[in-house]
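Single-structure report; data block below.
Chain naming follows the written order as A, B, C and D, and within any one chain the residues start at number 1.
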């Protein structure tokens, strides 16, 4: 890479949006370059301008946006001033782009073949016939089975991962010099993400195509990129080689990003607080004077009142920070090495069921929630009038016990039934079979009247901070109505006092009470949502992916809040998430779910130190770690394919279709959930073999 | 682009007057037209210089003059006065059909979507049934069965009017139903009635209001149409559709049919402008369009 | 003629434009639009084009006739034994019969037939055809049979003589036989089309369908096509015995809108427009290309007021009904509302028939007299007036919309404190409710099936009397019978005058308008003779100018 | 698929029958007696005659029996005989329907051919003059009362300017081609009667324009909104990023998606054109089904009313079905459903 020539040079790029309410300076003086064959990562929170920068490179800015100044030189030619014909040649021919959401990026009414072929034919490199042949080849290369059939399919016949492969095939079809991938894996599950990242790395190596990867996830960036550009508030704040930048950030913002995420490989027992930075990113319509990060920066000095320039601070590294430019260092946090993996027990304690064991185990305290073999089947709408009704086996026989005061993490890929399980527990759904007991009361089929008093004790926090608050109600009503419903306050004054108290508990000011949800940011809304759950003073909270819609820094704030609340109010959590690092961080015990069944249950540390189920192992191995050095060294268990449909579940072990160590036996019988080591249960015929 | 150029671009984009006009101009114009007709309905006796029912056959079919600004009709009645008074029936008919239809349809559709299952199935079949009636036959049959008259015509229109609201309310409630805030309300222990009427329907009301506004014009059109066919009002009640019908044969005396028609056109356009405006206002996504 | 071709050119242009715009047949139409209308213009010279609302026509079988618009066609394709000349509805004229007289015993009328005539088919017109035609009407038992219920049958006396035998000789027959239903038809031809005049004709006769698109008559024209609600086509009958008909073809176009008729007439698309309304008539008065031909009809619009006390006690009082009669502005209605083209009979006999003249109306009819009306109301004990419901249908007859008329009456009656609540309903409901005597007051129409006083008068003392809940005194009934049976025209006229006086006094029926039909005819046509006698116009005499 | 079709047809048939039943019951509450209305004055006063007439038309039977008779006739494809015209209702409909079908179809084609391109242009050039024109035209179209527009057009173009032909399907003098389909345009072509074809087309211009106005407005609006929606989708951005030319992006990528809602609306609009032409037909003396419907309803012509209800409901359902079928063509996602 020493002789690398820059193929793309962006100099002082400014892209503004002339909206009705004023000029939004989304990209405000960005410079960077990409060398031939290089993989460059651009990282930043939402609103940092990273996506607009990428779109500006191929001049795909929607109205009312405009590139107002700067130069984008692609192999010496200025993209900003290109005429329409030249620009068309440039787009798709020399630079390809892959967007975030594979579900919407393909035209739903056109066959895959047409969408691939037109790309190639439009640039005149292939005849229609040759293009079709190449389309089949490319799909095969991207790892799509039966590519000949696949080209004749429509996009809806593919899963998200497959569609992203098609998008990549489309991107590479004209062998571009540069591929811009805008959050290409954000919408995908972690195992699929790993597959796509592998593919990107291979393609980079095979085709020599340079890649700009845009992501908010430092782990993903670390996985692929050799160089990283960090953006904040429309500017580049730091730039440098991946390894050194991630190991030794020189901008407080980078530092904060790195420390806000819990890490899989690093766990400090006892200390659960994450390092967060206060506040929210500044308003792009009105950037603050001086360093734009100053207001939130824990290291700010007087000089920060002046706007710093992006200055080289080491060979290949630059930062826009007065502190580090003057030799200041940013403290190192965490860094505890991984504990040595424990050895699996020679044999499982056969014959004792998980349910029986939990019932017997009185040592861990009071069993608050006891779920026995619970099932939830959703009948699907009939496709034909006389046709057989098909059934979705969302949750298909799950045992789960939660003890008072603990946090149980529930992990699994999307569609594994974790959210359904959460909703069964709070009885939003009625179970198809099995039993649920809460605090000793059977609530499996309890009617609303019976369950109402229990509602006070059992609450839920939802994933989407936008959908989970009624937009027509003020915060006062959102928090006050439940109080009145349950007769917890006697009059208006008492109610509003309690509402203020709740707002204070979740870190919001009392003024928030009179406002509507849309006046708050995502993080603040999630705080309101938490306050609503706390309003009725519950003892048990089901938290359904409470942070997955938030930026990393806000995630850290919410995690800290949840942990804090647990301590203050002696809460018990069932914490549902797909992010293994977060689950590990907050949970005492972890339950791994796959296709509606429990695969493994273990204390958090034990699960990560020594996963026994091949699925758990592959999940852990697929999760990227924001450390380029570690990422490069890691050995991975790669899962092939995608999870089967919960409508037609595989016989025997549900995981066998993707399991690297599946044997004949696995197809014949479903392994029971058995205790392998004390407190560590696994449903596998060959635990720990992988 | 220089700094000055950016300022210019920004100024041009956000020129407050242009922006204001673009966003509020048409809805405001529509609002003014509607206000005018409301005023006419309320103040018709003050605004018109003749009794709308005053028959003066000696002065029949006078072209517009200073005495009769819009001329006189076949019975010598002042067209202007009748057009002004005509706004009463049109507005009353439009509002009562749409409001009653909307409330009835929304409650039915809301309950069906919320309850799902049999109730929903039944309601949807019922709306299908009403929708496949030939509307003219139904309206005429009902008008014939009940007799001609404003109230009866409104009833006839209501029979065919509510299903579209039921359908819209159903789809809106279905969307809202699956929102997490509804689940949250369940988890908090709120009852079904509270959730449907206090939480779900208020959130579904936006598109309904847009539809109601756009629909008002439509209802006025349909009522005028039925009236034109002789199924609307009992004479000598001044009504625009009936007035067009009276003047339909009078090609030479164009003023008899033209002005009431223009009145219908203006009020319907007014409601359309306002409806579009409300939609843009309620749905910022649509505003971009 | 000169103004037609350019207008067609413009239309051709628009047609081409339309074709191109519609994308249908664009090439063909646009290519041909260079020479449009040449053949159309050629066709016009030989054809008489009439615009008329023929939406009511449901049959062209004379024996089943019960509509308003079809008689004109029937009268043009068929001959009757005797007929009436336009304008004279008292004296009958010969047609197929050259002379007629009551048989000595008074029980039959003997007709002498014109000799040597041929039907359009070429078959000779024979006495057998006369017998067959009239007996078919009787045996079909359809509506026209009602009018000759007192006819026994027809006897053939000789090749040139027939007797129409009567069951009840006091009832009138001659005027009825002049009506188009009693057309003399080509029985030989019709036998091949399934027609029969036998006693079982009601079920056995199958010729109506054929007669709906063809004719079997001896009139000046022959029916060649009837497309429902579109047009009626006739061609010249080469075998016609009278003066050679002026046109090769007659086309009656269905035009239900008077505005459409007016515009079509002005542009020369049609030669004759029948259904113009007074406002439109006013605009073409003085048009150099158009003649207006007026004929007082025998139709009229009347208001019937029920004396049913249960429905409305006020109307039960004769003074109140008289007050209504005195409050209405008859002259205003006729002079302003319909531009003067109407007359008004005193009561239920139209001006123009025996015993009814405009003079009679002046002498014995109601006149507007508001003071008298108020006085009558006070006498009846309703000094502040009363309210009643006036029902009408949403139709227009002879260009007069009931709607306008009702509103005018409402305004008139309001001046003496009588409140008429208008109740527009559809025609079917109106006829039903009126027939059942369930309406307080109704505005409706009378159109005679044949020009015969007895048909009017007996209705008023029988059927219509029931509808208004009136029981006529016995001497009234006798008066009608006597007048009908009186064969001396002068004596009959006096009796009919008394009849009208009695009717005015009873004050159940108020005849408001007897329209003078204004038929607009382009000057390219001459000899177009309208008639009030039920068949609207004699088409035989019309010729190109 | 076959099962699906069968169940669909069965449901549709049940709906149609239910519709006829409802109309039957409503129509029976009308006081009007077709016997008294149809008979001449003298005949109507003759109880015997009236009785015979009522018996002939089955008016004397109990109400349920009459409905059964209707159903029985229906099973034989027989709608009975119209009381008003005294011939098979089907013949009446065969006479009137083609005029309406012709008018509605031409109007529909007109509104599609103008509305869709106009909507596309308006969306692509948002806020340009063409967008404003399109919005204005569509607004006038949906706001103007059809009957009034018809009056104005006729008075203006025929009455005053004399550039358009008058009411009716053809010139009064025209020789009509032999009736094959009843659709005048097609019959003219079959008979190679170009002159009458030209005349018939000219006569179609005004009524078709009037009738198309509202539909045109709706289609333009819907197309514009759907195009704006689909132009803002990711796949359009992808297409741009691929370097495709703009016309291809608009017509090849955005349009196929935007057509889906347009087709739904278009289907309904066509059904409404077929059944809602009564006012246009009234003003233009168009001998169509709308007028026939109106007349039948006014004269309480039971067989005709029932037949029209049946046919209109069936057409409505059939068009809905066709719309659903067209989804399968336009939207591959629908097939899976």
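Here is the rule we go by: a contact is a pair of C-beta atoms (placed from the backbone, for glycine too) under 8 Å apart; a residue touches a chain by one contact, two chains touch by 3 or more.
No experiment lies behind these values; they were computed from the predicted model shown.
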| item | value |
| --- | --- |
| Chain whose mean Cα position lies farthest from chain D | A |
| Pair with more cross-chain C-beta pairs in contact, given B-D and B-C | B-D |
| Chain centre separation in whole Å, for chain D relative to chain B (CA means) | 23 |
| Centroid spacing, where centroids are CA-atom means, of chain B and chain C in whole angstrom | 45 |
| Chain A-chain B separation of Cα centroids, rounded to whole Å | 48 |
| Rounded Å distance between chain C and chain D, as computed from the means of their C-alpha atoms | 36 |
| Junction residues of chain B, two or more chains touched | 144, 248, 251 |
| Multi-chain contact sites of chain D, meaning residues that touch two or more partners | 30, 32, 154, 159, 232, 282-283, 298, 300 |
| Two or more partner chains touched - positions in chain C | 257, 259, 263, 426, 429 |
| Complex contacts: residues of chain D adjacent to chain A | 1, 3-4, 6-8, 232-235, 237-245, 248, 252-253, 256-257, 260, 330-333, 336-337 |
| Chain B-facing residues of chain A, complex | 16, 18-23, 64, 66, 68-69, 423, 426, 428, 448, 451-452, 455-456, 458-460, 462-464, 467-473, 481-482, 485-486, 529, 532, 535-536 |
| Complex contact set, residues of chain C against chain D | 7, 10-19, 21-25, 28-29, 32-33, 36-37, 39-40, 43-44, 47, 49, 51, 55, 58-59, 66, 143, 146-147, 227-231, 251, 253-257, 259-260, 263-264, 267, 269-270, 426-429, 431-433, 435-436, 446, 449, 455, 459, 462-463 |
| Residues of chain B touching chain C in the complex | 53-55, 57-58, 60-61, 74-76, 144, 147-148, 230, 234-236, 246, 248-253 |
| Chain D residues touching chain C - in the complex, by the definition given at the top | 30-34, 36-37, 39-46, 49, 84-87, 92, 95-96, 106, 109-110, 113, 154, 158-159, 162-169, 171-176, 185, 189, 194-195, 197-199, 201-202, 204-205, 208, 282-285, 287, 291, 295, 298-300 |
